[in-house]
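Written out below as structure tokens is the structure these notes cover.
Going in written order, the chains are labelled A, B, C, D and E, and every chain counts its residues from 1.
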């Protein structure tokens, strides 16, 4: 599939080319700015390394110490002591110390704009090679966010007058690579010869941003890019089957796409309808056709993706899959007082049951999935329409509770807490018409709210497990949302020139190039011997 | 100025050299059955040094004749037959313009036959200076050489001077000149290569009489100096009577009368000619009755049968509806060897009786019986 | 820039001098010192104007024709448009039956238009190509006779067509302008004007585009209308012979000003102003084949933006004197109701006059060019004789 | 703005076309009739008529419900699915058939509205002159310089539920300026024409002059402006749908292409998903340009005579040229000659 | 003078109105840059970041639209277009200067090429009207009726994927650093061929048609016949007399399209992943990046205005009739 067309080294073994479909970028390597190309494209991780490497697709694995030699949380998870690794040097030759760690967290505290995880710092102090961070509230559910924080050099950043507006065009980090050149078309990196983990074996890494998925896929197919994370429809046929060196590994994390029901509006104010719909939604065809097989299938009744969520599953829901059961669904409905007039489902007051599914125009996978759902519910006599809106109108409608059902994502966390909180948390509950950040469906369950709080704040592991089981029970019985897909955290890559990639057999890291774990991956890659 | 050019008038008629002989020329507008037959079998001869006037009412085909003779008719005009033979009075070269190839025709143009178009405003390229337009016409016919351009420029200046336009106007654009000046530029341009024939299609119609007079006098003066022949087209009969040696009267795409201008004026032989002469009021002398010509001009798409003029002709007889008369000698025959007319009244075989008084004035002054 | 008007205001109405009875009658249209300046557009010409018409006095009486002649661009059409109120005038006045009018739009304009109709210069351009003759005339009739029933309207339209000799009327009703000859169009334009039953008709070169045989038909028509409807007609033309033939009075304009006026026969046969003489000498005349006087007719019309001072004809005038370059000549009254604006006719300039026009002219009667040469006797006689046939 | 320097007013085409219009449209009814004799226009009209018919009956003759998801994804054309299926197993032919209405509706609505605005603004501004003209010219110039497509994207985003008609109106609102400019220039030169003056002199009220004297002479320009706008509108609509700005649940050809593109149909080799919609757009566009061509040729007699006679010319091997009149001594001509002699 | 001043005033007012609209219209859009960013990542950006983003963009303090407007103008006069949200904290002027040259080159060259080729073809077709050449017109029509993006995508799949002779995306070879080396320029040209070709192909028909029609109209003008009558060579008549006059009306259209070059052809740039300004604008719109939108709008608007003025001027140069004497 390689073409000699573009000459250059793009497809040879000297350069690892990484592509992302993120559109034009500007020369900005500020690791804090979510709009900088370092973050948008994701090459931040090549230079700025985290305290520890975590694997969100395998949350039960222990984080790998990286810039931190070790760390220790207090029992109430309100403080943590972090010990800096020895022998690490910044790429400009300066020594990496605990002060750099402290300085980085102080910047987060000082500049609200940088504190993307909204960590509520209380105090930051250094003693020797140890940094102590303390927080206002327990950070159990956020623990990975703390230790996954990348670290910047104090000696550079303390001299920057306005870090929020700095483009950081000559980045200095501890990572395995350093920035060589930055152009619109390609951002080139060369190995950091003093890297604490040894010298990386890939001679050059080059990042390119393509305008859209099509261009990205074309580049992958003709060998211009070797590593990417991009939506590819029918990926086995379109990508994997094209060459035996074309690989795809898409493990999922603890974040899902779910059909949010507005539980305050008919027909979804009635749990019977939510249940019945849940029983007829064809998750498999949503997975294969709606998402073209790209996102992970979520068919566990508790809504947690496998394998990431398996260790959290309540005993009664372990390995329990959602099955299509049209008759069962009809029974649920008729038991709840619904009737059929011909094929059409009538609610207890005799009106036909209909609803509208909405998502933004242009979000093709969501819309295709909605279309499948609307097709599915015909089987139980419900007429569902798929509507589109502009992104902005949709956002406003969803936040204000002005919808019946919509496909929406949840945050990805280290535990299922984020998923359940995003869907059911009473603390996020806002009246219809005012902006809610989560719990768009206005699911009102004090029990769930209490369980969520308990899970996050308790110091007792058993209590935490109980809370998690309660949450799952509520989720399964009340059906506040139907999980349909899990956000993949994988990548497409080619083993033609480099090997050593993470895969199912050796899931040593997340394969996505935009993750901090890229330094783990790069250190494992080796050029193929010719 | 005089009515008859002394050089030609002095020559006995037979010795006059024809420079342009148009034979049997037919022209259609359109390519299919619905074509307008704008000219049908026109015969016309232009002699060296002569001013031939072409008159007739609007739309009778005067311009068509001029353009067809030079093959400049715009589409959908198409020449459907005949010949147009040019014979140089100077060295005898020439040939049938209708059978010439493109290159030959290009070379012939302007050098032998030049034409001044009806509207001067539109005849000059609005985006070039008049100088440039004069020069490129000259250069097109000169072998390329180092100082051809300079020579052409000098010639252009000379030409402007000749037609009475200040030399500094060479760099003017057409829109900067008045209508009269533009017309004179066109005349200058036509004379640039000293052609043997200059065809002028209503060169003065758009101008007022004072300007018209200026230009007409200039043309006649230049003709005397340079000795070219002129076909002068207008529907202003009185103007033609004044300046042409010979006049051809056209009606509905045919020539109906061809005679010297004096003869036309004094002794019209075709009823249409006679009607024309009764249509303009005299400027001086006693006022006279103006009858005009009854009826309306013919529709070229739907021509009447027989003589095209018969529906409007006061002397029409039955045969006129059937037979289309051919341009031929008059009833006076040998007495008027240079005259031709297309009217059945002149055909003794069919004419019902003696020729009407008005059309029968004898050259000698008395009438035929 | 105003110009001195001719000395005696009463002289503005030449017909008055001719017949005392006419003086008592109110003219249908009268213009007093009518003036029009057009602003000049374009770079660097701020404040400049085209002096298109300056101080023109005209008087149109019922049942008479005034011809307006002059070179192209001398302002003839502008005068007509000013009278028709199609252009706002710069100064001066237009009187309709003694009443000053200045209307532009709306009802008052239409009321005025009912009395004064104009036929525009170009018959090919003045009829909308998309409308039939029937439409044009019906509109004219219904604008000016609002209350008519449909049948009456049709009747009237038919009447109009017949009046202008477009018979049978039915055949013309559905025709589009392009299906008509120039003469027919011109007649439609006239019929349209008559639809308003006007008192005055402003005919701007109604025949210039037509060839002689059609031209005469239109002129005869106007002549008849004048008599039948007691119309006052302003006849603008380049064809001086037709002015002689058709108009009672002829007014000659040069560069926006009237330079000579008088009964048509006088003006055409005995032109007094050097420009008029030039004009008449220039007109082609089949009867004057021999012996045309060579008169230098050089020169271009003057700029109307910066007109020459004094007499505007002075740069081209063979007789120009110093006074001509300095002062604008007033209208000098000559015999037979003729008037000319030329300093040669000033009381004290008999000598110059004699020098210019020859001995005969000393008496104030310059010899018209060619008038002495006899007509080409035989030819004329014969042609005339056969005319009736 | 000064009338004299306005490039459009000074533009020789406008006057040329204008004269042509004047010459042609006087044929009145014959114009409309005559256009049918033009072969190019005829082809255009037939093609367009087919699409209009499909726009009307498309939803009824569509073999499947275009929304129905089936397991037979990405099938190449077959007897069951003439144009194959999408990744979700929807029938592409049905989508195209159902989508025709959306395209036609938006195209025609936008064309009508934009033409209306441009005629009103153009004619008023050309006719009124003075300060009114300045203001209207200013407005149209502003709309001319604001980039249309981004503006459309913004306005579409601004309006809730951007369905077909909304899009049509937005396209119209952003797309009228050029037409208005042309219309203004034409009106300006028409206004000075003698027949307008003559109508005024005859006493016609102002509104009648505008509507009955000037407007009929603009028909040809209005018509070709309309056709141009319709093409512009269709292309805009399709583009908008393609880049996912407008609603994609209303089927139109742009929507089909959007789905094809977002499912990367071309990379997957599903040409049948991508090609037919594009060809449909091109076909409608071409048919409209052909009609426009017909109008142009009709309006411009110089284009018409040869265009209408192309066949005859070819048969007779005559090459109609300017400056070198063809000489054709065909049998017909000679025969007629002899008859006359 | 007066005319010139009026003209300038006219353009100034137009510019003011356009810039003001450019300011207000984007702000009428619902949603804000932060929400757009969150939506764009569909869950890959944690909602915890919302507040930090508001702070980052300086949107945490609400200021009135009017104040923004005044500030905007003040900034403009200082040449400061503000800071882009999408590329925060890159100044808008920098974002624009990164992408503008590409668009100018690609779209500029292909627009000019399209105009020149189309006009030349139009001259030929108009001059040879009534011959086989007329048969090309429907073909040209067809190409002009195809949507840009469709042509582009088909071209990519044909010439970059199936027969890979051209690159599918980008403005130059990834490894090169933009400079004036032969390598780089060669690569830029090579990458530009396919997109340029599609622009040329789909725009050429318009020029052909208008030029042809004008050519036909002009060819029957008397001065062309006079030129033929003068016996000038065919080429001279065709170009010097007919085409020289026929091209005049196309000039204003061409000037306008030159102005729109700056706007880029959004879809072409999208399809070819070309680093131009059209796509940047599209991104700015979809991420509610007002400063960037305004900046690009401003550039487009000004360049169209300038192009208009140039057209006025060019017209005066090319058509002596519009040149007024002082």
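As a convention for this text, a contact is a pair of C-beta atoms (placed from the backbone, for glycine too) under 8 Å apart; a residue touches a chain by one contact, two chains touch by 3 or more.
Which protein is which chain? UniProt says B, C = Peptide/nickel transport system ATP-binding protein; D, E = Peptide/nickel transport system permease protein.
Model, not experiment: these values are computed from the prediction.
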Path length in steps (a step moves to a chain that is touched) from chain B to chain C: 1
Based on CA centres, what chain would you say lies at the far end from chain B? A
Specify the chain with the shortest distance from its C-alpha centroid to the centroid of every protein C-alpha atom present. D
If you average the CA atoms of chain C and of chain E, how many Å lie between those two points? 58
Can you check how far apart chain C and chain D are, centre to centre, with Cα atoms defining each centre and the answer in Å? 50
Measuring from the mean C-alpha position of chain D to the mean C-alpha position of chain E, what distance in angstrom results? 22
Distance between the centres, which are taken as Cα means, of chain C and chain A, whole angstrom: 93
Could you list the positions in chain D whose residues touch two or more of the other chains? 2, 4, 157, 243, 261, 266-267, 302, 306, 313, 320, 322-324
Enumerate the residues of chain B that touch no fewer than two other chains. 67, 72, 74-75, 105
Two or more other chains touching the same residue: where does that happen in chain E? 3, 29-30, 130, 153, 156, 161, 220, 225, 227-229, 245, 248, 270, 319, 321, 324-325
Flag every residue of chain C that touches chain D in the complex, lowest number first. 41-42, 84, 86, 105, 109-110, 113-114, 117-118, 120-122, 125-132, 139-140, 143-144, 176-178, 189, 192-193, 195-196
Per the touch rule, the chain C residues reaching chain B in their complex are 71-72, 181-184, 210-217, 219-220, 238, 240-242, 244-246, 268-269, 278-290, 292, 294, 297-298, 300-301, 368, 370-371, 375-376, 378-380, 382-389
So in the complex, which bits of chain B are touching chain D? 24, 26, 28, 30-32, 37, 40-41, 67-68, 71-81, 98-99, 102, 105, 324, 326
Chain B residues touching chain C in their complex are 1-3, 57-59, 164, 178-181, 207-214, 217, 235-239, 241-242, 262, 265-266, 274-285, 287-293, 296-297, 314, 356-358, 361, 365
Can you tell me which positions in chain D touch chain C when the two form their complex? 2-4, 22-23, 25-28, 193-206, 208, 212-213, 216-217
